[in-house]
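In what follows, chain A forms one complex with chain B and a second complex with chain C.
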Partner chain A sequence: MESHSFHPRLAELISKYPKSAGALFQTFNDVTLAQKWTDIQVLELSKCGRGAIKGLRPSLTAGEPPSTCVVVPCGLAESLSTSWIRGAFAALDDQLADAPETLFVAICSDDSSIVYYKITKGIMKPQV
Partner chain B sequence: MSLIQPSSRSKQKSSQKSSARRTENNRIYAHPLPIIFAEPSEPSFLRKTLHFLGVSASDILNPHCQGVLDVATRSVWVLDMKDAMILWQRGFFGKGDLSRSEPSWLARQINARKLAKQGEIRVMTSEEVTAKRRAERKQFKLDRAKAMAAATAEAEAAFQQGRIVSTVYAADGTRMIPSAATWKPKDGTQPDQDPPRVEEDEEDEEEPMVNVEHLQLTLQEAFFLLWNFDCLSISNPDGDTLTLLQIWNAFQNVHIPCPTLAPMIDPPQHRRFDNPFLVNYAIYHHYRSFGWIVKSGIKFCVDYLLYKRGPIFSHAEFAIVVCPVYEDPADQDGSPFELNNASPFSWSWLSTINRVNSQVQKTLILSYVTIPARSRVSQDILSSPACFAHYTVREVVLRRFIPARMRD
Partner chain C sequence: MASHRDRPIPLRVSNKKGYVWDVDDIAILRSHHHICGVLAGTLPHLSQQNVFLGVPLLLMPEEVVLLVDKGGPGFAILVDDQNAHHDPSAVELDKWDSERLRGIEEQLALAEEHEAREALNPDRAMSENAILKRKEREAKKARGKANALEPDQSLSTPLSTESVPDPPGPPDSSHGSGVTVTRNSVTPYTVHVPGTSSAFEWYALSNHSFNTLAAARDAGIWDYPKTPFERARCAVFRDLWEQGYFMGGGIKFGGEYLVYPGDPLRYHSHFVASVIESPAAPLRPMEIVAHGRLGTGTKKAHLLCEWDEDKQAATYYSIEWAGFG
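== the complex of A and B ==
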């Protein structure tokens, strides 16, 4: 991982929060190279003890503009709770002027599979 | 490249592969393991005699792949693409870290470039096939919604006037609301057209693409290849090759939280039977030794998926949930590892997992691994892989029983 070109961008967060280093690196890699997000910023959520990634996600339908999304990586072995998720939203509110109403949780596995879950504050009607 | 399938506009379902593709797949994925037994074309007399007596004296061809241990992601990376394709094609080991299964990131970038330049791509990776199918399905749903709205409006207008119109068939006899079987995607290009000729000097301007993808092996897959077949050698990030004993220690130490992310090759301070690496390896080895292809099951809420021949050939039939059982409950209380599903889980959780897997036609299997008691078995046995003889695996198959329906 150290020799990967992305490592310097994440080095500070990797050394500060070593437990979530693998998940952060894998998510950053996936989001940048495979999902093709643009305008990527790495944020620090000290309340959750990890880093998060914010960027512009290209829209699936042609013609629509990309949307700003925030993804919080975590490992498969970790246990999440609703207070953890609330903490993540609170930390984002502190950091960003226009904090999004939804965030993505990226659950990373050892074999590099990532499953993304979309979490919204409060009840949200699913899109048709 | 092996992953390339010719794009076909025929109405065959994806499960009915053409026989040419099947033959091609059978040729590429012929070997179930990375090592190959090769018979020389002209066997000597000694070989023939041994063969007659039932002793096989064929040569073993070992690909000798290289991997690097990465502690942060708890995996072994295979950076050389040639080694990566060998491990994938012979046994479906590992996963491309930027792809769905087979490392295809570079192929997708090249295809994206070709699409921008020529407007169509002839050969597609599995991710592109899926994306195309999803886009078509989305378009079909939009068309159907529009047709339904139009039919409703027409029926309303007719009702106002006192007429009755059919909402199923239009005046010319075709169905008004498209169904999945009859809908055809509307696009201008014909697949049989030749792509427009590209000027030769345009191609020289583009720089060659660097492949940033690697094949990621889990610790269990890496140890399986290394210990049983000796076809993988693992080095630490500095480049030094690790010995079997160092790897044995490092793989267990990966699960012990540590501030530095360097591989720890000294024996763990307190050896424990419930180290997640050992527990998961016992399961992995158990199913691999029966010939199943074992892959991660994170997408279906389970621990592992079992494939009969490989993901290329058919969908996984079985979904495995690993349930570690402590022979001595006192071991669990003092354990630094919180193994998943070691405590009984609720009926609602079990039902959820079973429903998810039934919907995708997989059978749920609960695999109980017994973790030996520290009081009965000495911890010195953990200094080598011989400890696996003390783990046992039992399976319980779970199927939902619906008394009303299952009598017929």
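== the complex of A and C ==
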């Protein structure tokens, strides 16, 4: 990890929150190289004890502009809770001027699979 | 809840499950109070009735709790159904038995009368209608035979009169005057089974009703909710109900409840809900994956409903598959 070119950007958060270091590194790589997000910023969410990544995600439909998304990494073997989710939203409220109602959680596993799920505050109907 | 009627809705409890047996109550619960329940009744002779079922309506325990608690005094009561059916007294039993026998005798008398009328009119076969029908049948046969090879076979009139069936009646009745009709010794009659227990004199609901959950718990007929998880379920159900949603069972989609924006007969549900017992209750990422993917795959979102017992508040998070990654 240390010799990877992305490491310097994440070094501080990796040393501060070692338990989520693997997930953060894996998610950062995926989002940057595979999902091709742009304008990437790394945020510190102390209320959930980890770093998060904010960026512009290209739209899934052609012709639409990219949207601002925040992704919070976690490991498949971690134990979360709804108060953890609440903490993530609260930390984003602190950090960002326009606090999002939606965040993505990136669930990382040992075999380098990564799955993204969208979590929205409140009762939000699925889009058709 | 406004009471639209002058009596409370009886929720008849049997083996710790609440049933509604009155069709009018079922209609009111659904249309005025958006409580649907599940119809659970089947007809005795249909061996595989599994699409349309009848009364009773089976309620979820959360629905029972809501109706008794939230409905206010006099809206709904819990009935200890087993004990509400007393053993009938000797007098009540005699009365029931004599009414039953009288009903049978009336039916047999009517049947006898009907047979006597039939016997006095032995020429029913020669009535106008019968003659007309017979002529039609003969004409049809004649047409059919005329289309066949032998033309002289159309003169088959004598054959057709013999094929007219005898009018139905007791086998030993005879035509002519001075006839005696002997009744078959086993004339069938119908046994009527009343639809509701309240038709019986020995069903006394008033002595076995409870209008609070606590009273029912003391009597030993109802004990839901008793664990923190059950309390969370009741609280979340009530919170969603107060927001106007209709709820159904969630087993078909991997959750506790299906949450509908309106009557399930008109809408598909938008959410599959699961109840999170407390803010600190462990939640595995794999649950987010499983719930989220199943929800999205069925055009719904998964709803995590957290209940905070200390703050007495429900918080909701909607989960969907991100669609990328």
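Everything that follows uses one rule, which is that the second predicted complex is superposed on the first by the 128 of 128 C-alpha atoms of A that agree within 3 Å, B and C clash if a C-alpha of one lies under 4 Å from a C-alpha of the other, contacts with A are read in each partner's own complex, and residues count from 1 in each chain.
In the analysis below, a contact is a pair of C-beta atoms (placed from the backbone, for glycine too) under 8 Å apart; a residue touches a chain by one contact, two chains touch by 3 or more.
Nothing here was measured: the structure is a model prediction, and the numbers come from that model.
Undergrad: Determine, for the superposed arrangement built on chain A, whether chain B and chain C clash or fit.
TA: Once both complexes are aligned on chain A, chain B and chain C fit side by side.
Undergrad: May I ask you to decide whether A:Met124 touches chain B, chain C, both, or neither, giving the answer as first, second, both or neither?
TA: A:Met124: touches chain C, not chain B.
Undergrad: In the overlay, answer first, second, both or neither for which of chain B and chain C A:Arg57 touches.
TA: second
Undergrad: Which partner does A:Thr82 contact after superposing on A: first (chain B), second (chain C), both, neither?
TA: Only chain C is touched by A:Thr82; chain B is not.
Undergrad: Considering only touches as defined above, state whether A:Asp30 meets chain B (first), chain C (second), both or neither.
TA: both
Undergrad: Which partner, once the models are overlaid, touches more of chain A's residues, chain C or chain B?
TA: C
Undergrad: Looking at the overlay, does A:Cys74 come into contact with chain B only (first), chain C only (second), both, or neither?
TA: Only chain C; A:Cys74 stays clear of chain B.
Undergrad: Using the touch definition from the top, say if A:Val115 reaches chain B (first), chain C (second), both or neither.
TA: Both: A:Val115 reaches chain B and chain C.
Undergrad: Is A:Ile107 touching anything from chain B or chain C once the two structures are fitted on A? First, second, both or neither.
TA: Both partners.
Undergrad: Please give the least Cα distance, whole angstrom, that chain B and chain C reach in the superposed model.
TA: 5
Undergrad: Indicate the residue numbers of chain A shared between its chain B interface and its chain C interface, in ascending order.
TA: Touching chain B in the first complex and chain C in the second, residues 30, 76-77, 79, 107, 115 of chain A appear in both lists.
Undergrad: Inside the complex, what are the residues of chain A that reach chain B?
TA: Listed in rising order, the residues are 1-5, 14, 18-19, 21-22, 25-26, 29-30, 33-34, 61, 76-77, 79, 107-113, 115.
Undergrad: For the complex, give me every residue of chain C touching chain A.
TA: Touch residues, chain C against chain A: 243, 270-271, 276, 279-286, 288-289, 292, 295-296, 299-301, 303-304, 306, 315-325.
Undergrad: Which residues of chain A touch chain C in their complex?
TA: 30, 35, 57, 60, 74-86, 104-107, 114-126, 128
Undergrad: So in the complex, the part of chain B that touches chain A is made up of which residues?
TA: For this pair, the touching residues of chain B are 70, 72-75, 94-99, 105, 138, 212-213, 216-219, 221, 237, 257-261, 276, 295-296, 298-299, 338, 340.
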